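My structure is below; once you've seen it, I'll send some questions.
Chain nomenclature is as follows: A, B, C, D, E and F, assigned in order of appearance, with residue numbering initiated at 1 for each chain independently.
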Amino acid sequence: MLKSPLNAALAAPTLLVAGAAPALAQEAVIDKGDVAWMMTASLLVLFMIVPGLSLFYGGLVRAKNMLSVLMQCTLTTSVVMIIWVFWGYSFAFGGGTSPFWGGLGKLFLAGVTLDSTAATFTDGVVLPEYVFIAFQMTFAAITPALIVGAFAERVKFTGVMLFMILWVTFVYFPIAHMVWDGAGLIFNMGAIDFAGGTVVHINAGVAGLVWALILGPRVGYGKDNMAPHSMTLTLVGAAMLWVGWFGFNAGSNLEATSGATLAMLNTFVATAAAVVSWSVVEGLVRGKASMLGAASGMIAGLVAITPACGTTGPVGAIVLGLIVSPVCFYFVTAVKARFKYDDSLDVFGVHGIGGIVGAIMTGILCAPSLGGTGYVVEAGTMGAQVFVQIKAVIVTLLWSGIGSAILIFAVRATVGIRATEEEERVGLDLSSHGEAAYHA
Amino acid sequence: MLKSPLNAALAAPTLLVAGAAPALAQEAVIDKGDVAWMMTASLLVLFMIVPGLSLFYGGLVRAKNMLSVLMQCTLTTSVVMIIWVFWGYSFAFGGGTSPFWGGLGKLFLAGVTLDSTAATFTDGVVLPEYVFIAFQMTFAAITPALIVGAFAERVKFTGVMLFMILWVTFVYFPIAHMVWDGAGLIFNMGAIDFAGGTVVHINAGVAGLVWALILGPRVGYGKDNMAPHSMTLTLVGAAMLWVGWFGFNAGSNLEATSGATLAMLNTFVATAAAVVSWSVVEGLVRGKASMLGAASGMIAGLVAITPACGTTGPVGAIVLGLIVSPVCFYFVTAVKARFKYDDSLDVFGVHGIGGIVGAIMTGILCAPSLGGTGYVVEAGTMGAQVFVQIKAVIVTLLWSGIGSAILIFAVRATVGIRATEEEERVGLDLSSHGEAAYHA
Amino acid sequence: MLKSPLNAALAAPTLLVAGAAPALAQEAVIDKGDVAWMMTASLLVLFMIVPGLSLFYGGLVRAKNMLSVLMQCTLTTSVVMIIWVFWGYSFAFGGGTSPFWGGLGKLFLAGVTLDSTAATFTDGVVLPEYVFIAFQMTFAAITPALIVGAFAERVKFTGVMLFMILWVTFVYFPIAHMVWDGAGLIFNMGAIDFAGGTVVHINAGVAGLVWALILGPRVGYGKDNMAPHSMTLTLVGAAMLWVGWFGFNAGSNLEATSGATLAMLNTFVATAAAVVSWSVVEGLVRGKASMLGAASGMIAGLVAITPACGTTGPVGAIVLGLIVSPVCFYFVTAVKARFKYDDSLDVFGVHGIGGIVGAIMTGILCAPSLGGTGYVVEAGTMGAQVFVQIKAVIVTLLWSGIGSAILIFAVRATVGIRATEEEERVGLDLSSHGEAAYHA
Amino acid sequence: MKFISAIIKPHKLDEVREALTALGVNGLTATEVKGYGRQKGHTEIYRGAEYLVSFLPKIKIEVAVPSDIADAVVEAITNAARTGQIGDGKIFVYALDRAVHIRTGETDQDAL
Amino acid sequence: MKFISAIIKPHKLDEVREALTALGVNGLTATEVKGYGRQKGHTEIYRGAEYLVSFLPKIKIEVAVPSDIADAVVEAITNAARTGQIGDGKIFVYALDRAVHIRTGETDQDAL
Amino acid sequence: MKFISAIIKPHKLDEVREALTALGVNGLTATEVKGYGRQKGHTEIYRGAEYLVSFLPKIKIEVAVPSDIADAVVEAITNAARTGQIGDGKIFVYALDRAVHIRTGETDQDAL
């Protein structure tokens, strides 16, 4: 896929809205197999957020903060879905030709009907635009939800909500446009990001790091026992993320073709390899492989294969999985300990770092010589591809880092971002939501 | 969809059984994309029942009654599936021309083979009858399971089982026939119920209310602390219901077409809107938005969009979601408190009321002027459509209300419907099933 | 399906690799509906393992061993996926003509490209080979994971890992080849095993029994209270297994045709019937139907219908479900108690016995007179078919039983297979993984 | 000062608390315990495994009171906790040497 | 009357209970507690975070008995609970002023 | 010998433990309890149902010590556990007749 900018096409849907280009539209065909797959893929990504991500994160916090995490994930998702219909879809894929955003052409999904179609990576093959909107909406919903892990257990709920509204508007939608829209800045650099390694994971990871730095550590951090209240839920959540991720990765192929099946196989094996390598590293370093380590490797592997899943061979995917875990392990143990910031659930350590490793390796593993499907950059050399991949990462780091910082300060100056020490001690479930997660 | 009664067609399968109408059958085509989608949709509805609904309900009861709820949901589902094959499918879609039931034509799935087909909403496009049977079976299974929430924590297990057998036979199958079969009473009124708002939700909601009234409150109701034993499980269950609901709603389109994708998008955004509006209402009324509130809004939104998902535009769906939560909130807080009956888990307050709001709003939001796909009633006016929607609701309320009452009294007179006070105090898990849900 | 060995075809993919037989490949078509369904089926089987099976098993152990079970399931799955790409796929479906293994033709998926295809049961209809590889990979991953239930709560982690690597290599891959490959020994006997009753369930069940016998009982077995730490998780896991099993069974049809829908309907109703019959038996024997009984019936029913789902009619499937539970119940209560071995979670009692019941009944229920799709054996008589089914079971029992025993002794002689008594008392979570599943 | 420890049925906790506050006792501590006694337990069966559970859930209430009202307190607990059925529990009273109120540092009588 | 409180290893509960019933003690109360002592705890690591767990799970058994059998009871508990390894726990005995049997209203000796 | 039982705020456990070990106390037992007192509880609302939770989570520390250091121990607990805010808890001291060290069989002073 992505062979040539011509059928790059995530921008195309805007050109193909029925009526807009009748001639073209007439020829274009919708295959029910593609529709069936894309509907399945869309609901799989929702499955990743709730219950998946919510449980993965929720299990890692103390019981007294469980509901606050579930609430933050659920409300973020819900609010973003409404925003997506109102202005998000337009900002990202509104058909505008700016390299930075999609314009106002599709506010409130203006002009989208049962006959509207969205292009795929294959000329003449289109999808009902509604399913493209739904699929992309789930990406817009999960990305901000990923950030929750960074400020968990001490953040102020209303501050989170305000931040999320601003963040998707000024950070996510523009980056999605830049990477996936035919008119997008990064897209036209020839960077490969098959399913959203930069847009979703690096983007959220950096925002999480900025949050952790500005918000400061939890009360008692480094002193009190903050062990996960339910490793069981964390593993369940991680497993659900794995299952749902096939919608994320294989769904990004937009068609039920062999390309999607390659993305699926890679998503299986890269993840498996990362689970094994994290466990092996722990076994060597600590003498014991932990369940949380395996779950962390699972996420790291999924994150790393995300940009590469459509352009790498299965063996290359395994190599990528084997590499990403040790890097993330080193980061969440050594580096994080060194800098003493409190990224509660390692959003940056796993999503940010894993995303960067994946983005760069994508430029290497797409090499035909390594079983990949080939380079996308004009130059057509590994060096050039890797260079572009790095450029894409840097643009994302800067845009997300600076943008997030500005927004967090803005929220802190208005509704505030931190719960009081007493609220934090009692737990956010009771203090923010008036409930307790568990009773006899 | 539903444009004209001609291709209304849920009755049609019976006409299209291979052999029955060879000529027609020859022309009719099966698209593998539709089959793939309908199989996915069918398993998604099972996912809604177990684990979805079971966890949503189970988390809301006290730990000592957890297993009893899981057991009631699981056995109800299983028993109904067997009944469906034996006589349920025939009673609902047996091909009979009565407006009230489908007759005995397909007892034990008589005549159904690998070549049998069922019609869709598109002429000439059919499905293997087996998948139509499976898909409809899951609807028949989840509806009675929804009632469990009303008598939870005090009911007698054997009484539940007997009731369920009678209820699907005399209440569910007839109503399913009336609403979805081409020969059905309500169907021919021109009422719109795309995915089962009346058949499933209002129907179960009313039955639940009747149960609560006849059974009486739990021991210690209003006095003891009956807080949910695991809000975590409740949110997980609600999330699974959301994910599975796409099978329920988009599956009801019977084909993987843009119509299904519209139903899917609406099911995403109406639900999101209802989550947000319930939370906002709580925030305004209580100063805090609760996780249970968000979960309740999730279900209310899903229930409300069910009848409307195929005929409303995305913005209309959001409006519907924003409206339904406040209404249900008012009901489960003010109204219920006022009348003091113990509908343990608010089956009526959420499914019944939400279903009614959805059914009526469907008649409004299908208006082309509001982005809808148009009226179905002959008259073709909003007034006429809404009037028919209300008529459909009333018929359902009466049939289900009266029918359920008669059956409950019959069961009470025979095997009994209530556990003893001691059994209730010890908990139904130990007293009815000889187990405890949790151990060290 | 399986009508004639000619299009038996799970070996065929090897013949159809693009290039290998261009002419044929050109004619062969890929239907996107099939691809969509097979991708869905593949991820559903992963869903069965994690979180499904892991929770089903995990809920049944004591809290102090929860993570060890999740860890064993997760790592086994991950390691096997890597092995599958390296040599597993080749050993099973490498294209070799030996009746016992597939040879070395596809080590590291040599020669598999985006254009490679795998045959289905219909001539001229093919699938991208990648999705066939992924689908079969999930079977290879879940089978060894099933064995975990037999040695739970006392096994040595490193021993498990070594065993699994050896077991899939010398037991699973060969048996998969024998049963599903066109060149396979059992396949050519004309035995019917639609979705893996022998390959997966009998195979794992026997291995589990051998483990239990060699490993010996848990410390305090028969004396201490070893009640499941969370029946809730067990039911959730069982329900997820049911939902995922449609991928397992209907996916084994390889196409989204009416054959798949029959497999799906059978998987619904046989399971429902087994849930009911286990509950009824308990009700009669103990006066109370337990949730664990219902969950056990669910698994027993799923196991039993696995080999039969494509060749039995729905009523026959119900009969099978009604029969299997009482047999398994008798086994896990009376028989197991009698022989006093500690198959911790009844892997043999449910998967082994249920699999045997299913395999034999498959030979009966495929009778057209009983609504089945017909015999596969040349002879074409029920007696002949049942005889072949029994032969297949015996071959599996012997191969798996002897093979597993040899491997377990080999592992015991090297890294060891049992935790120390102190480690067992403290719990494997802390002693093997340095974590505790739950905290405040 | 006396220290009174009572084992009661879980669902009686609120009634006992009310009875004590009525006597002007403004503090008490409750603990979830498992009790073994005349009240026989139950069996739980999980597939083939049968377990006899002989320890039943109870609540232990601990309250320190001035000696003069000790009898009244015991009386009040007895009445509030009694159901007349087996398993009602027992009350134990012992001498308390000292009591200290952490927040204020008050001791003995003043600390209760 | 004496009130005996013993901290033991969790898996010793049943043996201790049997030992006591053998002595004719027909009631006792058990509580899950966490103990800190010579027996050192363990460390748990969750990704980068390492926690030292110094409190270990123990069970506290409380039993009120007539003074005359107190020593026999202490003896019995000691023998039943001993494993010889560190962490076996301790037994504490104090005087019991009064005992009341809630259901019957019996007091003192009769209440035990 | 004295037996000291203190009800404290959960997050104060570690500080109290450290204060005691500083005094050479090498063993103690902690129990999760629920306390009712001046510190008012909170209300939780679940849809229509509102519950007043009047028992708050506390930790009970039990430690047996030689009489001579009893006051020092009480002192130490008081200081370590005090936050000055309502809900800090109380300390109760009573006489301990006997103590037995299960593993070694040592008794009384030696057993502590």
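Rule of thumb we're sticking to: a residue touches a chain if its C-beta (ideal position, glycine included) is under 8 Å from a C-beta of that chain, and two chains touch if they have at least 3 such contacts.
From a predicted model like this one, the values you see are computed outputs, not experimental measurements.
**Student:** Can you list every chain in contact with both chain B and chain F?
**Tutor:** For chain B paired with chain F, the chains in contact with each are A, D, in label order.
**Student:** By label order, what chains touch chain B and chain C together?
**Tutor:** Shared contacts of chain B and chain C: A, D.
**Student:** Could you let me know which interface, A-B or C-E, is made of more C-beta pairs in contact?
**Tutor:** A-B
**Student:** Distance from the CA centroid of chain A to that of chain F, rounded to the nearest Å?
**Tutor:** Centres of chain A and chain F (C-alpha means) sit 47 Å apart.
**Student:** Which whole number of Å gives the spacing of the CA centres of chain D and chain E?
**Tutor:** Each chain's C-alpha centroid was found; their separation is 17 Å.
**Student:** Any idea how many Å lie between the Cα centroids of chain A and chain D?
**Tutor:** Computed from C-alpha means, the inter-chain centre distance equals 53 Å.
**Student:** So which bits of chain B are touching at least two other chains?
**Tutor:** Chain B, residues with two or more chain partners: 31-34, 36-37, 40, 225, 227-228, 230, 286, 290, 292, 434-436.
**Student:** Specify, in ascending order, the residues of chain D that touch 2 or more different other chains.
**Tutor:** Correct list: 31, 44-46, 94-95.
**Student:** Touching pairs of chains, all of them, please.
**Tutor:** Chain pairs that touch: A-B, A-C, A-E, A-F, B-C, B-D, B-F, C-D, C-E, D-E, D-F, E-F.
**Student:** Going by the contact rule at the top, pick out the chain C residues touching chain E in the complex.
**Tutor:** 220, 224, 425, 430, 434-436
**Student:** Which part of chain A faces chain C closely enough to touch in the complex?
**Tutor:** These residues of chain A touch chain C: 31-34, 36-37, 40, 44, 62-64, 225, 227-232, 235-236, 239-240, 242-243, 246, 250, 255-262, 264-265, 268-269, 271-273, 275-276, 279, 286, 288-292, 294-295, 298, 313-315, 318, 373.
**Student:** Under the touch definition given earlier, write down the residues of chain C that touch chain D in their complex.
**Tutor:** Within the complex, chain C contacts chain D at residues 60, 225-228, 286, 290, 292-293, 296, 332-333, 336-337, 346, 349.
**Student:** What residues of chain D sit close enough to touch chain B in their complex?
**Tutor:** For chain D paired with chain B, touching residues are 11, 14, 42-46.
**Student:** Once bound in the complex, which stretches of chain D touch chain F?
**Tutor:** Answer in residue numbers: 3, 17, 26-31, 62, 64, 94-103, 105, 111.
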